[in-house]
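Next come the structures, one after another.
Both of the next two complexes hold chain A, though its partner changes from chain B to chain C.
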Partner chain A sequence: MKKQAVRFDDTGLTCLIELLRGEGYEVIGPRKSGPAVRLARIESAADLTPGIDSETSPGRYRMAGAPDARIFGAGPAAESPKRYLHAPEARLAVAERENGAFRIIRDTPAAPKTALFGIRPCDVAGIARLDRVLLRDRYKDPDYEARREQTFIVAANCVRSSETCFCASMETGPRAASGFDIALTESVNGRREYLAEAGSTKGAAMLAQIKAEPAAADFVKASHAQCEAASAQQTRSVDYRRARKVILRNFEHRRWDAVGKRCLACGNCTMSCPTCFCVNTKDSSSPDLSHAERRRLWDSCFTQAFSYIHGGSVRTSTKSRYRQWLSHKLAHWQDQFGETGCVGCGRCITWCPAGIDITEEFAALDSSSQS
Partner chain B sequence: MSSNGYKPKVAVFKFASCDGCQLSLLDCEDELLAVAAAIEICYFPEATRKVVKGPYDIALVEGSVTTHHDAQRIQQVRRSAKTLITIGACATAGGVQALRNWQDSAEMVRTVYAKPDFISTLKMSTPIAEHVPVDFELRGCPVQKYHLIELITATLIGRKPNIPAYSVCMECKRNGNLCIAVAQGEPCLGPVTQAGCGALCPAFNRGCYGCFGPMESANAEALTGVMLRNGSTKDEIQRNFRTYNAWAWQFRQASEEVEKR
Partner chain C sequence: MTAGEPATLIAAPPGIMEPLPAQVLSVDKETHDTFTLRMEQPPGMAGFRPGQFSMLYVFGVGELPISISGDPEHPGELTYTVRSVGPVTYQLVTRQQGESAGIRGPFGTSWPMAECRGKNVLLIAGGIGLAPLRPAIYHILRHRGDFNRLVILYGARSPKDVLYKKELAAWNLLPDTQVLTTVDYGGVSWRGYVGVVTTLFKFIRLLPSETATILCGPEIMMRYAIRDLTARGFDERQIWLSMERNMRCAVGFCGHCQLGPYFACKDGPVFNFPQVKPYMDLYEL
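After this line comes the complex of A and B, so read on.
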């Protein structure tokens, strides 16, 4: 693959969206929807979010005016792109009774062609984590695989960090290193301009169709420097290399009791997380027993049924569920998949109604293991 | 329906309630015929005048116990039924009429009725499970019709009904709603309420009212703290917890504790 970096303005951006649509992609990008920036269908560049920022803090999200007219300045969208690849609910199979026997019909609906446009480096990393779990483990998830093959990823590198972001410490951002087809870095010098870098053959082929000048070395450097500035803005961090040791050493720490009292066990953190992949299956049958269905739904380790084995749930207390969650994200995921289950997007902090902060909880364990 | 053609006998009983849950059963339309074909409806005044004597395989009980007569009748119902299932917030938690449990009901009767002597009522509205053992409690105000079908179908073939006890937030997020608690600071009971409605209110930009009662591990105390921080007053929070499931202990406790904060 020829490494390709070009420079274009809003005309080039418009052209990129048109090209994607022309190739049959449904373009999903950051869009103002009610009181938040959300991932939604984009018809043209006009649907994106110029001049919008988001203020985030534990348990709080507010859309706000931005200091400049950037299109990609609003931080991570309210939800991660997970739902477009790993559907929140899917029918896996149907069984029909027929002449005393039954027939199983597997229905795998055709995967839609989706372009994830302007998603953040943390989200790109989140998709890579899902790939590791759902495509490159002992079992492949066919639904995920089909959707993944039909996905085109246009990352938007971050030039500002939100308050709850900590991707720098997780080494997943603010600039995406891999996992995208095209990565954009936006600059504003009187007008909006973009450094567009190809990350795949598909991406390079797409860029080749846009009228744009090659990006000169100084433009590349200046664009990337903005991401370094965004990195320096981050106040939260997790030392993921030490995480496993710290957590395993502190399994009986008092901090778990304290967070167990605050936690609602509502599951919002796992639902919002770009990497949480857990599902449950739900069977149902029609009253006359002629028809049965198996569906798959996003599940969460915060539910009691999640740890149900013969005789009851293993994790009955909220404390034990929170501990499972944080331990899986930062420690056990490393044992299972050789990387963390957290990419530092900060959504579990922002979208936790109780404002529980994974970085703060980890820091509390960490400080006591140091002393 | 068993292979020998035996149809389980089902009866539907009403106590203090609005009939909404029974209507949910009638509202099952397409599925109702299939359900009706699989069972023998023995007693269901809302739907048919037919009365077949017990014992019954399944008794569906709607409504709470509010009179001496109710308290006696529920004992008879329990004796007549192999499986007793309560349907709805009244039968399961005492209903909105349990608001009287914090008031002087005798005084209310005197205020409301011209001839209070004809009114015979208990001081409290209480759920069925406070009077007799209950085999399954189906939540909701009103119950969800697909839950009813699932519950009846599962009971008929002897499997566990697939009715989750986790929070409304799980449905809210799966459905792709924006969290109005986090994005707007709205009071929302979703985190402490059992799923079942499909997160209907948050989808329409309203906080969850708690129709399905406390979820499996409802942390109403922590949610009270959240709502106070988001600017709700103690009064508002008390009213939030005191609706259809006011007498469910987790909501009851939260509504009493908030005064002391």
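After this line comes the complex of A and C, so read on.
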């Protein structure tokens, strides 16, 4: 069967949003929201904000005017779509006390139907990484599974790279290879047009309802060429295939001391990362002790309490916590799950108040182990 | 290492994701701060293998990983030896008979009882680390003919911290079984050994090539013990140990128990020494 690919303009895009909303999806997409492009609710195509780019560098993010009127022109949104699948806070269970004993009821509220609209290939890859950990390891996370099943993914391939992007080296972008229902590639030649490719039967069924012409081979080629140009713009990279060896060999490298002095252990990197999945649980009860509940909250390996065992934390120094994080992202994740924990979105670089750059830290270790 | 995906996904049986309530059958004081709780095994919960742990939940207060310290072949109940060191453990040890607590599990890898068969078994415990070893001892004693000499070396902080005193004495009287206990600080009335557990090595007569060793206790103790053992010719591949890390979920989702390439809750807590050897000497890994 030929892969379904169609071509439409803004009318088709509007139609796609309406179709998704008509099927009961809450559409979440990139839009100007305060001082950043964020993923937020999209009521109609009018909520999309064309002509905006994002300028990023270590520790810096600014919205800027774009050289063209693209709708999907800005880099990765400030927040990753992680929060819509792996909620920052979720109630896992409630317990009721009944004459001395208690009863525990699993609490998985009905998941909302969510269409992640115009998310970046790195974020699509980030969702695939979460799937591997939360759905395809020993057990399935019930909350994540429920939300994931209700999720429709419309990827927007990147035709421009931000300064902190390095998806090309992580092989997750700038064009999404899989993991989406529909992938859009936007072109501007006087007017906006989109190459829309189906990545699933759900996506194909959706595209079949849109009035569009089949995408001719040269349009497909020209659209994809833009992504290759975006790839060529990237200045950062990580040679992830070397990461396991480099990191294990350089466990006591002085670079860790240096970065440990800069790192504030604030956890911004883990919160903004599309794949960081660590959580903590909190138990609480009502004052009369008749009712208790368990909540799950995002946690960060940068906190002192994270590795606490009786007698003290395993990782007391900031250096050791930064090292744990980077080692997990690039090396140990590969041991555990057969892929990296980093998809090259660059958010941890952009949103680090100290401007710490994962690619630079890795390169420092790598170069010293090569020499 | 299991980078690939498991062949079949296990649909979580009851008591894995949410705690199952269970009644406390008895609470017995072991030492000034440590108690043994016998709990009913909640219906539907799988039996355990020696070395595995449960997550024990106190209504509204919290949940903690606790090793199972009872007899694996005593169906219908689960036994835990708990040291009171915080709000959850305090609530657990002050439970009354008939009150309840929640149990999830059993979780994790287990002691290599099959590999120990036909060999001498050397058990080395430090402090509360004796508790997770007790199911292995029960197993060996139940199937005594399957194993050769059993040697238990136990180090406690002081005489008043020695767990299972009566059982230790009884085991020591069994044929082909030797139990040696040492303490860090003896005081005036202590007539036994004083010093770290490795000082007991000189009293044991075991052929290294015919011995499987199992350790459980503080990491530093295990590190020094393994160093001494390998220097005495014990084979690293015949050494197993249990690693303690922070565990919040026990099912590989929370990330807290990471130990290099492992999550201790599912890849451990019991590891064959060569699995963790590259990571054990890395400070603050």
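Please note the rule applied: the second predicted complex is superposed on the first by the 369 of 371 C-alpha atoms of A that agree within 3 Å, B and C clash if a C-alpha of one lies under 4 Å from a C-alpha of the other, contacts with A are read in each partner's own complex, and residues count from 1 in each chain.
Keep in mind that, in the parts below, a contact is a pair of C-beta atoms (placed from the backbone, for glycine too) under 8 Å apart; a residue touches a chain by one contact, two chains touch by 3 or more.
Not measured: the values here are computed from a predicted model.
S.K.: Once the shared chain is lined up, is A:354 touching chain B (first), chain C (second), both, or neither of them?
M.R.: In the superposed model, A:354 contacts chain B only, not chain C.
S.K.: Between chain B and chain C, whom does A:214 touch in the aligned arrangement: first, second, both, or neither?
M.R.: A:214 contacts neither chain B nor chain C.
S.K.: Which partner does A:51 contact after superposing on A: first (chain B), second (chain C), both, neither?
M.R.: After superposing on A, A:51 lies clear of both chain B and chain C.
S.K.: What is the contact status of A:34 with respect to chain B (first) and chain C (second): first, second, both, or neither?
M.R.: A:34 sits against chain B, while chain C stays out of touch.
S.K.: Tell me which touches more residues of chain A here: chain C or chain B.
M.R.: Of chain B and chain C, C contacts more residues of chain A.
S.K.: Please work out whether A:137 is in contact with chain B alone, chain C alone, both, or neither, and reply first, second, both or neither.
M.R.: second
S.K.: According to the stated criteria, A:320 is in contact with first (chain B), second (chain C), both, or neither; which is it?
M.R.: Touch status of A:320: second partner only.
S.K.: Give one of first, second, both or neither to describe whether A:285 is in contact with chain B, with chain C, with both, or with none.
M.R.: Both: A:285 reaches chain B and chain C.
S.K.: Look at A:272 in the shared chain and tell me whether it touches chain B only, chain C only, both, or neither; answer first, second, both or neither.
M.R.: Touch partner of A:272: chain B, not chain C.
S.K.: Based on the superposed arrangement, let me know which partner A:24 touches: chain B (first), chain C (second), both, or neither?
M.R.: neither
S.K.: Touching chain B and also chain C: which chain A residues?
M.R.: 283-286, 289
S.K.: Considering the complex alone, what residue numbers of chain A touch chain B?
M.R.: 33-36, 38, 59-62, 78-79, 83, 88-89, 261-268, 271-272, 282-289, 297-298, 300, 302-305, 318, 350-355
S.K.: For chain A, which residues count as touching chain C in their complex?
M.R.: Contacts found on chain A: 92-93, 95, 97, 100-106, 132-134, 136-142, 248, 251, 277-281, 283-286, 289, 292-294, 299, 301, 306-311, 314-317, 319-320, 323-324, 328, 332, 334-338.
S.K.: Going by the contact rule set out above, which residues of chain B touch chain A in the complex?
M.R.: My answer: residues 1, 31, 34-35, 37-38, 149-150, 152-153, 156-157, 162, 164-167, 169-170, 173-176, 178-179, 181-185, 188, 190-192, 205, 215-217, 219, 221-223, 225-226, 229.
S.K.: Which positions of chain C touch chain A when the two form their complex?
M.R.: Residues in contact with chain A: 1-6, 9-10, 12, 16-21, 23, 57, 59-63, 85-86, 98-100, 102, 218, 244-246, 248-249, 251-256, 258, 260-263, 266, 278, 282-285.
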